[in-house]
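Next, two complexes with subunit A in common: one pairs it with subunit B, the other with subunit C.
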Partner chain A sequence: MAIASISSWYAGNETLIQNILIYALLAFSVQVVLRAGVFSLAGIGFYAIGSYTAALLLKKGWPTVPSILAAVLLCILLGYLLALLLVRLRDLYLAMATVAFDLMVGVVATNWTGLTGGPLGVTGIPLVMGTLPIFLTAVGAMLLLGLLQRGVLGRSFEAIREDEPLALTLAIDTSRYRHFAFVISCVLGCLAGAYHALLFGTIEPTDAGFELIVLALSMVIIGGFRSWAGALLGAILLTWLPLELTSVGSWLNLVYGGLMIVLATWLPGGLLDALRALLRLPARLRLLLRSPSSLAATGEERG
Partner chain B sequence: MSAAPLLEVRDASVRFGGVHALRGAELSVSTGSLCGLIGPNGSGKSTLVNVISRLTKLTGGALLMDGDEIDSLSADRARAAGIARTFQTVRLLPSMDVLANVMLGGATHFAQRSVAVNWLWPPRRANANRTARQAALVALERVGMAAHAHARPQALPYGQQRRVEIARALASRPRLLLLDEPTAGMSHHEREEVGDLLMELRREGLTQVLVEHDLAMIHRVCDHAHALNFGRVIASGSTQEVAADPGVREAYLGHGSSGERAQDSERAQESGPPESPAKVSQ
Partner chain C sequence: MLQQLINAIVFGSVLTLFSLGLSLAWGTLDVLNLAHGAVFVFAGFITYELTKDSTMSFVPTLIVASLAAGAVTLALELVAFRRIRLHFPARRQAELSMLVVSVGAATVIGEVVSHQTSEAAFSPPASAFSIHRYSLGGSVGITNIQILIVVAAIIVAVALDQGIRRTRYGRAIRALAYDPTTTQLLGVNVGAVAAATMFLAGALAGLAGVMLAIYLGGEEVATGQDYLLTAFAILIVGGVGSIRGAIVSAYLIALAETAVVAYGPSQWRDGVAFLLILVMLLVRPQGLFARRRFQRA
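So, the complex of A and B:
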């Protein structure tokens, strides 16, 4: 009975789940760099590169796994080279440069008609992708990203984000770490794009445009950039919310905008921080009842 | 003093655009000594510390450690080679507790290795976390902060935050410790305690460079001192000699000391009167 109801719920929501998983990978690609203090949005450009590479190879008759692997390898190579080019840029300048890169990828996709099919994009891509491989990839990414933010290694990235000169004096080769986060971001974006193309069967050059950049960034800001869990939360929320809010129509952007302003003002750590604070509340209340001064002593209070 | 120099700065110059922060500074720190650096604000003390810790590149001159040139070393390599430092302002990361902050200082070997392997090879991760933790606990014990290992740094009094910073620098067992005004803003009692700590570390054989405004402190803890002004070393020798040097007295009494004192009193809100120039004559 329960199994039947779960499976019927799943059947009704499979597309939603697939979209959430793909957007989660894309959101991870933005989160992993933001957490390291690298304001890169290049993941969205690599979403396009990944989707075209995997789709075109597949249409050429390549098997599924090698097509995706080839796309990933290409993205590692291009990501590494792009990082070399952008190594001196920081913050807003890096964000601008990577957005420019994303838009350039779109321009190439639109105009290199011989390869990409031009403005019409690629259609008739074999639908070789199922939900399970995407799910497993997303779970794998979460595990690996979890490792990347834990322990001394994870805190090194935090140190780089919060105080780069300090990180240098702690023997952290900050440019190598930043470079590394950048390439990981490119791979995650690439996977999201490749899976999307192989799951839905079409690519348009406008798929990975400015809207996708804003969407991916919004997911991470709203969910919380300090952890992959925040990015996942943002991906779930911003994929599911538009379906629930179809009645508000074009006012949806206003809802997003309002949410962003509220979060940026009062919750810079995103919804994840709010959730964590909520979960900590009972324990803190208990502590407070036992000894009111202990809060400051254990430093639970975040200044 | 007779021991071979651990660190030598030769004819060091640093230019930022048209500003000469250092012009031919010379410095020699012998192994196991505690060397004081004094001078008015803007005299180049912090620039010199930045140069030695490799955050600032030399425009001219040379930097030697154990007789080997290290002026091409990056800051992270310099730390790995044993040059640790603290900063003029507290730079603990508020997003993690005291222990985690200090662990970052105890993982310098790990930090220098391949990020991918550090990420994906579990034994190395586990080993690094364990050794960093041990090193951090030892360092916290050393500065008397072990009881606060799980506090958030911003919940601690200022003097204790500075101790945590010293612990973070000590956690990698450095060969040279650079302290950029470690007692700024501390109460008299806290200053004494930090002074005692530095002298203990010296007895254990740690070579230190101490940037300090308080000449009484320099006099109490340092073996020898260098006085800087306008990016040059204007006097060096024993702490008495440097304090008595007419050039040093001129630098402290003669110019700009009001601005410097204003800043000092800001830092030293709870620590009684700001540095008085009269201390020069002590």
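So, the complex of A and C:
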């Protein structure tokens, strides 16, 4: 009985789930670099590269898995080259350079008509992708990101984000870590793009434009950029809410924009931080009742 | 050829007006204001709203729309940027948060404008500003709005450059760019200077937005994004925080883009700015006219 209702719910919401998973991959690609203090939005450009590579290879008659693997390999190669080039840039400069890269990919996709089909994009891509591979990839990405948040690796990324000179004095090879985060981000963006193309069958050169950058960034910021769980939360909310809030309709983007302003100003940890604080509240209250002075000790820890 | 040169100079003047505000905000306050393009379009939208039903003349419209654009940016500063600057001690976190706020603000402003205009391009009526064309021999000519844009850009550029160098307020801005804490200890009202700077930046974007709306005969929300990206290239080529650098590179980039459109593969026009950004960041990330922190603004 329960299984039947679950499966009927699943059948009704399969597209939503697929979209959530794909956006989650894209959000992860932004989150993994932000967490490492590398302000790169290159994942969106690689979303386009991944979708075009996989789709065009598939249309040439390549089997599914090699097409996706080839796209990933290309993204690793390009991502590493880009990381080598951009390694000296920091913060706002890096953000700007990667946004420029994303838009440059769009310009090339629009104008290299011979390869990409130009402004019309690519249509009639074989629909070879199912939900399961995407789900498994997303779970794999969560495991990987979860591992990157823990132990020596996780602490090193945090040190680099908070204080790079200090991280250097602790013998952390910061540029290697930054390269690593950058390439992971490129691969995740690439996978999201490839899956999207093979799932829905069409690509337009404007798919990966400024709006996708804003969407991916808002998912990560609204959810919380310090953990992959925040990115997942953001991806779920921002994919699912538009369907629920049809009454808000065309004002939806206004709500997103307002939320981004409010959260970035008052709650930089995103909704995930708010949730955690809420969950901690009973324990803190109990502590406060027992001895008010001990509250300072649990203080404002940041994960 | 001469006509293309005139076009390039007018385009460069619009870019100068637009990018000076962006440069000022980044150079002094570390705000990369992605809402700058939206504010710019917002001013064009205000012009459209003011002139479509009434016979408001050009100069009051220009002033009201520019002030409105300044007020929007000031509101952002007061609501968000100030709080972030005070409460987030780590510079990187503050920069990220301010960037996110400006992305949010760009979305909000853009959404309001596109909602009010039913997502179509809007154009102020011809009565808002009667355009005359002066012939310079042959097919070459220049219109009065073009002359106005160039003159306004020159006046603003010189006034800003000299103002930052020579006035008390300019000195306060430069001090703020170098070290906010010490500036405050020296008795400068940092909050007020920051607010005034953001207001000025917004008003300059507004000025550019109004004149462009009349010059092009129309604007839409996407116009702001295009200009924002070109302005990025200008900042990078000119060097962040360098006013003279921004002016020089605005005209250089205008010349390059006009040349590509006129004589090259015109569909690659957008590519010019992005390519310049990437190349400059790789070869000379500090810009052609690099400024150290204490020289900024």
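Side notes on the structure shown:
In this section, the second predicted complex is superposed on the first by the 296 of 303 C-alpha atoms of A that agree within 3 Å, B and C clash if a C-alpha of one lies under 4 Å from a C-alpha of the other, contacts with A are read in each partner's own complex, and residues count from 1 in each chain.
Keep this in mind: contacts are C-beta pairs under 8 Å (C-beta built on N, C-alpha and C of every residue); 3 or more make two chains touch, one makes a residue touch a chain.
Not measured: the values here are computed from a predicted model.
Counting the residues of subunit A that each partner touches, subunit B and subunit C differ, and the larger count belongs to C. Once the two complexes are laid over each other on the shared chain, residue contacts for A:E162 go to subunit B and to subunit C alike. In the superposition on chain A, contact is made by A:G258 with subunit C only, not with subunit B.
Contact with neither subunit B nor subunit C is seen for A:G79 once the two complexes are overlaid on the shared chain. In the superposition on chain A, no contact is made by A:G270 with either subunit B or subunit C. When the two structures are aligned on the shared chain, A:G224 is found in touch with neither subunit B nor subunit C. With both structures placed on the common chain, the touch criterion links A:L92 to subunit C but leaves subunit B unconnected.
By the document's definition of touching, neither partner reaches A:P205: not subunit B, not subunit C. In the superposition on chain A, A:G193 makes contact with neither subunit B nor subunit C. Shared interface residues of subunit A (contacting subunit B in one complex, subunit C in the other): 162.
Against subunit A, the residues of subunit C that register as touching in their complex are 26, 30, 32, 79-80, 83-84, 88, 90, 92-93, 95-101, 103-108, 110-112, 115, 225, 229, 232-233, 236, 265, 267-268, 270-271, 273-275, 277-278, 281-282, 285. The touching residues of subunit B, counted against subunit A in their complex, run 53-55, 74-80, 84-85, 87, 91, 93-98, 100, 103-105, 107-112, 115-116, 118-120, 125, 128-129, 132, 148, 150-156, 168, 172. Within the complex formed with subunit C, the residues of subunit A that make contact are 34, 37, 39, 85-86, 88-89, 91-93, 95-97, 99-101, 103-104, 107-108, 110-111, 161-162, 210, 214, 217-218, 221, 250-251, 253-254, 256-261, 263-266, 268. Those residues of subunit A whose C-beta lies close enough to touch subunit B in the complex are 144, 147-148, 151-153, 155-156, 158-159, 162-163, 165-166, 168-174, 176-177, 180, 226, 296-303.
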